[in-house]
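Heads up, the next two complexes both have chain A, just with different partners, chain B and then chain C.
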Partner chain A sequence: MSSYIEPIALREAESANDAIPQRVYPTGMWVALGGILMFFAALVSAWVVRKGLSTSELEGRLELPRRLLAVNVCVLAASSGVLEVARRRLGAGDVKRFRRSWYTATALGIVFLAGQFLAWREIAAAGVYVTSNPDASFFYLFTGAHAIHLAGGIVALLLITWRPMRHLTMATATQVAAMYWHFLAAIWMGIFVLLMIASR
Partner chain B sequence: MRSGIGIAAALAIGFLFCTILAAHAGAQGCAMCYQNAAASGAKGQAALRHGILILLIPALAIFGCIFGRMFSKR
Partner chain C sequence: MSARLFSTDHKVIGKQYCYLAMVAVTAGILLSLLMRYHLAWPKGHLPFIAGGIMTPEQYLALVTMHGTIMVFFVLTTAPQNGFGTYFLPLQIGAREMAFPVLNMLGFWLTFAAFIVLLSAFLVRGGAPISGWTAYPPLSGLGDITGPGEGAGQTLWIVSILIFCVGSILSSINFIATTIDMRAEGMDLMRLPLTVWAWFFTAVLILLSFSVLLASGVLLLLDRSFGTSFFIPAGLVVTGQLQTHSGGSPLLWQHLFWFFGHPEVYIAILPGMGVTSQVLATFSRKPIFGYRAMVVTLGMIGLLGFGVWGHHMFVSGMNPYSGFAFSVLTMSIAVPSAAKTFNWLGTLWGGKIQFTTPMLFTLGFVSIFVTGGLSGIFLAQPAVDNMLHATYFVVAHLHLVMGVAAIFGIFAAMYYWFPKMFGRMMSEGLGKAHFWLTFAGVYCIFVPMHFVGLAGGIRRYADDSGAAYLSALEPVHRFMTIAAFCTAAAQIIFFVNFFHSLKSGALAPTNPWNANTLEWTVASPPPADNFGETKVMVYRGAYEYSVPGADTDFILQNVPPADASHRNGNRTGGRSHE
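Right, the complex of A and B next:
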């Protein structure tokens, strides 16, 4: 399992001869991130309109587990930072420490998902479910959609360290994965701020 | 020089399209949507305007990034 990253130079050389230029992968990721950004923007837009059309002041009330959500933000931000550290270590040729940092970032991502699950449990324990009120529906929708995207990111992070990519060099694979990961961290921070402002 | 003329022509065509199509782009061709929006009250109408703005900002940002990159890499 750990034997393939070591001869990075060999793989980089092999992939350099590949027919697909490496620069297309970050470009493809930018396009995908644009699509995901629009998806979340559409959700936020729908939420804003729904709140504006609310006929009752009580309709949109939702007590959020603020402290737990704030901890989750910190965990995801830490994961993003550690992932960047891992990339730098790979760039410096320190494969062993790269691997350690990469796994730490992945583990922090899993901790974040567990934290989100706890937040759902806490809200559900207070008797607030998806259909309870529009704010609750949107909370579950935001966090659920983000969690699905993040779970996909975790799979990608694990795949990068578990087996070689077919056409990507290690540097490109980590770059593209890091772009996606940082983007998801930024999206969650944006959603968190919006939720906090709305639930004041 | 030729690329300058091309950019000017593209901008002129874009401007022409915007001005010609602006009246039809009122987006109120759907009578039901119009009635709903009109009946939603001042708060509802403001919410609709904000919702449209929220959709507009990332779309414009993406378009701006692509256009800026194209322009810098040409």
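Right, the complex of A and C next:
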């Protein structure tokens, strides 16, 4: 545990001399989030158009495991909250407790993914697959695309605690990772609300 | 070797993008020559085509691959990622791009996308035939819809998806670099217009390629997993009822053109930036209306997101929607005309130097205006209904998007070659290249408008079957001869390029007496650009012919005190407060 603190301090001293200022990383993340938002906006608008077609009512509806999905949303929101607590602890210099909450947030992210997988299994067990009807296609697509993004986030969260980044200070790395993590939580909440409204 | 190949130096990566675009443009031109030959002599034998005579499917495969290669791997790759990656950090006084590894990754993804696309020629069935727009249901059902629609079409989609990811990574880099890596004193209103153009283009890439990425995923799912996003129910293809249910081909068109129209501006905005830069340099005058130039770049980009429906006037859309798209489309003429008048204003009363980059810049303005004018015709739904399927559209898009952007690329290459390679290009060969190309493209594309007005239908491989179309064959022959001559003129460019690389006169640091920061470092620049030197910027990018100054240019990093000492008591310049 103690070996962890030293490289952080060492790396921060080196980073100060880098030609690349730390502020580029949050800027780059904001820009990237804009791109990801457009990606999901395109999928959602395609869904809205597809649902509006005259035949879509005849193609069948999707019975969502609403309770399971609601639990999943809560888990993801909790993960986001715990990650923020972790950042505060890092800011206060409490590296040990930072690590504990950072790992908790990561674990909650993994629990969320497992929960989403259970939702897939539940729907598939009812005989509804990706081609069954447009709502099912879009549900698998939304959850799949979000899960891929979230899996990338989990790798990033683990990398940050595994070893210090080459060019990023610890403060920047955790800030950028948190931006991404909160964004993914927010975007899933938005899609979840849309799914709930649409499946009423 | 691998350190050079997988370099994270933005200058190496910029050159890699340029070389990739050169290979791509050569491929794209060769494909277009095959098409032009077939259009002029439909019964003519081609030596390396099975059976000797090109089939309609082979022709459509050429149409598809030519369009895809040119739009993505030339017009998106060279002006933005090629020159932008090389010169953005230099022009803002930075030692690197914000994310060097991402930069390298972006190039290699683009390269991989190109290889995947070309490999479509080699698979069973050959290259796809659904056009660079890949409209479903043709593109969504597999090889039942024709040769090339099996593995070829899948490779096409995969290539575009990879290209999207590479471009998005690169755009993130451009935006973050421009926002956060500017040297001290490089205020927004002191940025060269090239930087503004690359910045707005990067925003367009970010927002539109993300949508294309999502659309491509949907199309791939329709093809490979049997979903029904774009494939309608009850579709019968070659006697077989398809199992898809209730999708909408129009949904793809909306999504595709939401990307596709901004893509036009992705191709042309960097050319507009280069044009502003080069016109000011060789008119020895400040750019006319700098702020207006920045605002109009932004306006064109913004409006570009609201006009995609004009590609779909014939899709049976609600007339009120058509009207809205039409008005928005025509409103783009306002910022475009403002730019054109500002370019003319820059030339007015200038001490014009007709160097090769200047000639290509003037050619850009000429062709942009000519191509833009036919856009006003096509922006009217009633007129477009008649002209949509004709060569009028082909002529319009080639001039305004293709050739104008290519002239921007040539202007950039002739202008920056001395900086990139440390040697001058031959002016004589450059001018010969310009005049032949300039005359050549007008000879190809002006008659093409009239073929369109006469009802010449685009995408047809052979017009000889219908009397009114076969009457147009002499015009097709003229265009084909012009196309071969223009293509041959490009050999002059390649000879000039490779000869100058080895034997051109050594380039001084600032051969054009220009003001921007790339001209303050050696030609070619050292690996770390400005090294440990702290770059300070004191003035705008276009302070040419300042009254009272000794020289007719003042580099952006010359401090006011030095300038007044050296240049008398007036340094001028709005931007050094």
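Please note the rule applied: the second predicted complex is superposed on the first by the 188 of 200 C-alpha atoms of A that agree within 3 Å, B and C clash if a C-alpha of one lies under 4 Å from a C-alpha of the other, contacts with A are read in each partner's own complex, and residues count from 1 in each chain.
The rule is simple: contacts are C-beta pairs under 8 Å (C-beta built on N, C-alpha and C of every residue); 3 or more make two chains touch, one makes a residue touch a chain.
Because the structure is a prediction, the values reported are computed rather than measured.
*Asks:* Return first, second, both or neither, reflecting whether A:Gly34 touches chain B, chain C, both chains, or no partner chain.
*Replies:* In the superposed model, A:Gly34 contacts both chain B and chain C.
*Asks:* If you count the residues of chain A that each partner touches, which comes out higher, chain B or chain C?
*Replies:* C
*Asks:* Applying the touch criterion given at the start, work out whether A:Ser137 contacts chain B, chain C, both or neither, answering first, second, both or neither.
*Replies:* So A:Ser137 only meets chain C here.
*Asks:* According to the stated criteria, A:Val48 is in contact with first (chain B), second (chain C), both, or neither; which is it?
*Replies:* The first partner, chain B, only.
*Asks:* First (chain B), second (chain C), both or neither: which does A:Ile20 touch?
*Replies:* second
*Asks:* Starting from the residues of chain A touching chain B, keep only those that also touch chain C in the other complex, and list them.
*Replies:* In the superposed arrangement, which is not itself an observed complex, chain A uses residues 34, 37-38, 41-42, 45-46, 49-50, 53 for both chain B and chain C.
*Asks:* Which stretch or stretches of chain B touch chain A in the complex?
*Replies:* 40, 43-44, 46-48, 50-52, 54-55, 57-59, 62
*Asks:* Would you tell me which residues of chain C are touching chain A in their complex?
*Replies:* By the definition above, chain C touches chain A via 94-96, 98-100, 168, 171-173, 175-177, 179-181, 206-211, 213-215, 217-218, 221, 225-229, 233, 245-248, 251, 254-255, 258, 528.
*Asks:* In the complex formed with chain C, which residues of chain A make contact?
*Replies:* Result: residues 19-21, 23-24, 27-28, 31-32, 34-43, 45-46, 49-50, 53, 55-56, 58-59, 130-131, 133-134, 137, 141, 145 of chain A touch chain C.
*Asks:* Considering the complex alone, what residue numbers of chain A touch chain B?
*Replies:* 34, 37-38, 41-42, 44-46, 48-53
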